[in-house]
Amino acid sequence: MMTVVMAIFTIIMVSLGALFFFAGTVGLLRFPDTLSRLHALTKADNLGLGLIILGLLPQIDWPFGALKLGLVWVLILVAGSAASQIVGRKVYEEDKS
Amino acid sequence: MSIAPILFSTLAALVVVLAAFAVFGRRHFASVIGFVAFGLLLALVWMILSAPDVALTEAAVGGGVTGALLLCACARWREIQGVPQPPIVLRIAAAGLCAAVTVGLIIVVLSLPSPPPTLATTAWDSLDVTGMGNAVTAVLMAFRALDTMLEKVVLLLALIAVWSFGRDCVWGGRPDLMFLPQKNGPLTFLAKILIPVGVLAGIYLFWVGADKPGGAFAGGALIAAMGLLAIFSGLIRPPSIENLRLRWALVLGILVFLGVGFLGFAMVGDFLAYPSALAKPIIVVIEIAMTLSIAFTLFMLVVGPAEKKP
Amino acid sequence: MSISLLFILALTLPVLGIVLMVPAGGRWAREIARGVLLLNLIVAAKITAAVWQAKATLTYASGGWLPPLGIQLRADGLSAAMLLLTAFVALAVGLYAPKDFFVQRGEQETRKSFTFWILFMGVCVGMNVIFLGNDFFNLYVALELVTFAAVPLVCLSGRQSTLEAAFRYLLFALTGSAFYLLGVALLYGAYGTLDIGKLSGVVRPEPALWGAVAFMTVGLAAKTALFPLHLWLPPAHAGAPPAASALLSALVVKGSFFLTVRLWFDTAPEILNPRAGQVLGLMGAGAIVVGGVMALRQERLKLLIAYSTVAQIGYLFLIFPLAEESTALSGGMFQAMSHACAKAAMFLAAGLMAEVAGSDLLVDLRGVGRVLPLTASAFILAAVSLVGVPPTGGFATKWLLLWASFSAQQWWWTVAIFAGGLLAGGYMFRAAAPVFSQGTHVVPGISRLREWVVLILALAALLLGTFPQRPLELLAIGHPESAEVQQ
Amino acid sequence: MTTIFGICAAILVGLGLYGLIIHPTPLRKILSFNILGSGIFLLFGVIARRGSVDVLAADPVPQALVITGIVVAFSATALGVALALRLNTADQDQENS
């Protein structure tokens, strides 16, 4: 019973996450300028990844597997935000000049 | 009906599209980005092919460090105007040749025998002797250790070759990536968080390599990538190529390999043979030295030859 | 010393040299290299002696892991002969290397003094593994080792033209190894082993084998600079410093040729020869003619010698259509050996003469023979061997190949062999004529040792032809079909 | 599965070879060489997967060969890039002088 509930939870969460990824990718491809593309991408992907990792948590061994997954999430958040900061700054500077 | 073939076909098609993008793309930079994405997708393919060790190496070396190398090259590259495009006849001839190669290869691949020959059973049966749980590491470090040692020499030789492409007047100086790192920007912030974690992850990768997917290459590449991040964010400068400690670090892996090889001669009577009881600790010692040497060599290969006077 | 230790020493001595040179730096590189080269020659001689005494192929599995899982090393007559010859030529080049490849104690390390010797050692490791290796992937690593050492040797001077030549060489070499590796993958996929001995027992005539051999042969031909894939060779070999040219022309191209022999003669002999060999023979004949004609038209001595290499490589590939004849394989290997000695002598002699004359333009070399008599005679001796005048090594080669094409009733190869001899006579005359003509040069400060090294190499090419019996017997060990060589 | 990726590998080889022949710029030649190499490695991967037995999901020997191969290919890339960059700046030197 418990495993079925967990499996359903995983399926819902991962699907939701995938949906956000899809939305983010559509935004990347369809939005007009760099900043709004960046906006779509970071928001949707961070949320999407968070949901996927949340969904995977019940499927993995505790506590190290979960810890590793959590670490992956944090690292990607940090790297993603730093990267978009750099891209954003570059765009801002080019607009100014 | 299974959904797997559709998924695999889609993935394979995506890999081909990205490869085509990297080959045919108009701008260098976009092509390199396409290539990095290609490398990451390929790592996924390796997972599907049940080869996690290769997936890690492909992601770290094939996609990651190669991508960094090509991006650095793009940044330094000065476009030369008026490079003639090859004539259309040559293009058609080349396309015909490549199509023939592809078709021939497909025919041969489809003709491969079934059931296929394999050494998996043989390797599995010999795994106990090596004391390792990961068959791929056992092949690399025991059965075909000679290849691994020679391949370390290849890596070192490539670095010496890269150094030899430098100019005489700057010999002994530092490599220079030719762009100014932003100090205290977001990259520095990222570097400060990521580097300790990345180095730890690199050590972890080689440590588990004996029994689980991982190993010296993936670990070394990750540590090298952290070194590159430190350079890009302006935290450190590349060492001078005359730096003695650097030079020892470069050869340490091969030196330990040779030492262990001859130790095998003395103790067991065979080069690179390990006494059963000590096999695992010996392999761990080699892998520590190798990870260190690989990390430094990959790092120095990306930053290139000396550019600034000592 | 046990044969296993000898095998391992042949592989690891140059590696040890590299490992010591990197931290010790350019000030010690030459001394370490010369020590290693001397030991290397001793080891090669001992391996040859062991093969000679055993009159059989010797093997050793590294780490005690037997094939198909492990990697086996083996020495038959062919490998012993090539190993010894390579060690000999390498030591000669090591003794010859000029002043700018080392620094006095107390001086700063320079780029060339550091990199030249390490790359040189890299060539030695690679060649030794190629001759002793018996596993196609192990041999792939060795091929790449040689490539990575050879490419930077081409552009050691740093001049623009040599950089371009080096890049072109790199592209050909990398594409060549990629094709080779593709063939290796197919072999493993079809037979589950890469050991040459194991493969020879299980290969069948089928698409996988044909595909593998086709890919590997094309790749190796590109690396050997077989016509029409030879375009990279002349600028690369002519632009390198003379010591490096000697290594590249005498030794490096023989490595990939040796693997072609291993593939065709040792892996799948019954299946492939001789009809498929006609294509390779045709390319070889083309190389002899085109290389010879191009050599005739050169104004620079080093380019002339480099085109002569293109032509001489052609002879090597005549053995494939003639494979059923017992003398073909011996003839080919004899060509590889005598050409190695003669070509090394020629490039080194050309280097000395260019040092004196200030350039290697044929017109500038007038009268160099008067101030460098030893070198000039060595040059002539080597040239005579390449042309194929008795009793030189070149003559023995052509004799064996002619014999093979007559008894195989493939007379058309004799046309190529004779044409090649005539062309070689022509271009060698063009090269030698100015050297012995009138002209004035300052008496050079060239060390006697370097002149003698060149002469000894040229004499070796001569002696191979004067006393061919022993070498031929050695070559036949492990290849009984070529044992009954007529003399 | 192995058939699909086997064909994929053959196409990658063809694509890489085409780029290697056609591109006039050294950097793109090197990139194409990497695609060619990836195709060959993928072929090894397919062969490894075909060789699975009940205790191992894939033959470890070709996997080890690929790991060695990837490192060799990277060395080749680094060498090629360094040489291409030197050529590139050497062109520049000439134009300036």
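In order of appearance the chains are A, B, C and D, and numbering begins at 1 in each one.
FYI, a contact is a pair of C-beta atoms (placed from the backbone, for glycine too) under 8 Å apart; a residue touches a chain by one contact, two chains touch by 3 or more.
What you see is a predicted model; the values in this text were computed from it and never measured.
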{"item": "Comparison of B-C and C-D by number of C-beta pairs in contact, larger one", "value": "B-C"}
{"item": "Rounded Å distance, chain B centre to chain C centre (Cα mean)", "value": "31"}
{"item": "Inter-centroid spacing, chain D versus chain C (mean Cα positions, whole Å)", "value": "28"}
{"item": "Separation of chain A from chain C, taking each centre as the mean of its C-alpha atoms, in whole Å", "value": "57"}
{"item": "Interchain centroid distance [CA atoms averaged], chain B/chain D, Å", "value": "11"}
{"item": "Residues of chain D whose C-beta touches two or more other chains", "value": "13, 17, 43, 46-47, 50-51, 61, 65, 68, 72, 75-76, 79, 83-84, 86, 91"}
{"item": "Chain A, residues touching no fewer than two other chains", "value": "none"}
{"item": "Numbers and ranges of chain B residues touching at least 2 other chains", "value": "105, 109, 112, 116-119, 123, 139, 143-144, 147, 151, 154, 157-158, 161, 165-166"}
{"item": "In contact (per the touch rule at the top): chain pairs", "value": "A-B, B-C, B-D, C-D"}
{"item": "Interface residues, chain D side, partner chain B - complex", "value": "1-19, 21-25, 27-28, 30-32, 34-35, 38, 41-43, 45-53, 55-61, 63-68, 70-79, 81-86, 88-89, 91-92"}
{"item": "Partner chain C, residues of chain D touching it in the complex", "value": "13, 17, 20, 26, 29, 33, 36-37, 40, 43-44, 46-47, 50-51, 61-62, 65, 68-69, 72, 75-76, 79-80, 83-84, 86-87, 90-91, 94"}
{"item": "Touching residues on chain A, where the partner in the complex is chain B", "value": "71, 75, 78-79, 81-83, 85-86, 89"}
{"item": "Parts of chain C lying in touch with chain B, wherever the complex brings them together", "value": "4-5, 8, 11-12, 15-16, 18-19, 22-23, 25, 61-65, 68-71, 108-112, 114-115, 118-119, 122, 125, 129, 137-138, 141-142, 144-145, 148-149, 151-152, 155-156, 158, 163, 182, 186, 189-193, 206-208, 210-212"}
{"item": "Parts of chain B lying in touch with chain A, wherever the complex brings them together", "value": "182, 185-187, 189-190, 193-194, 197"}
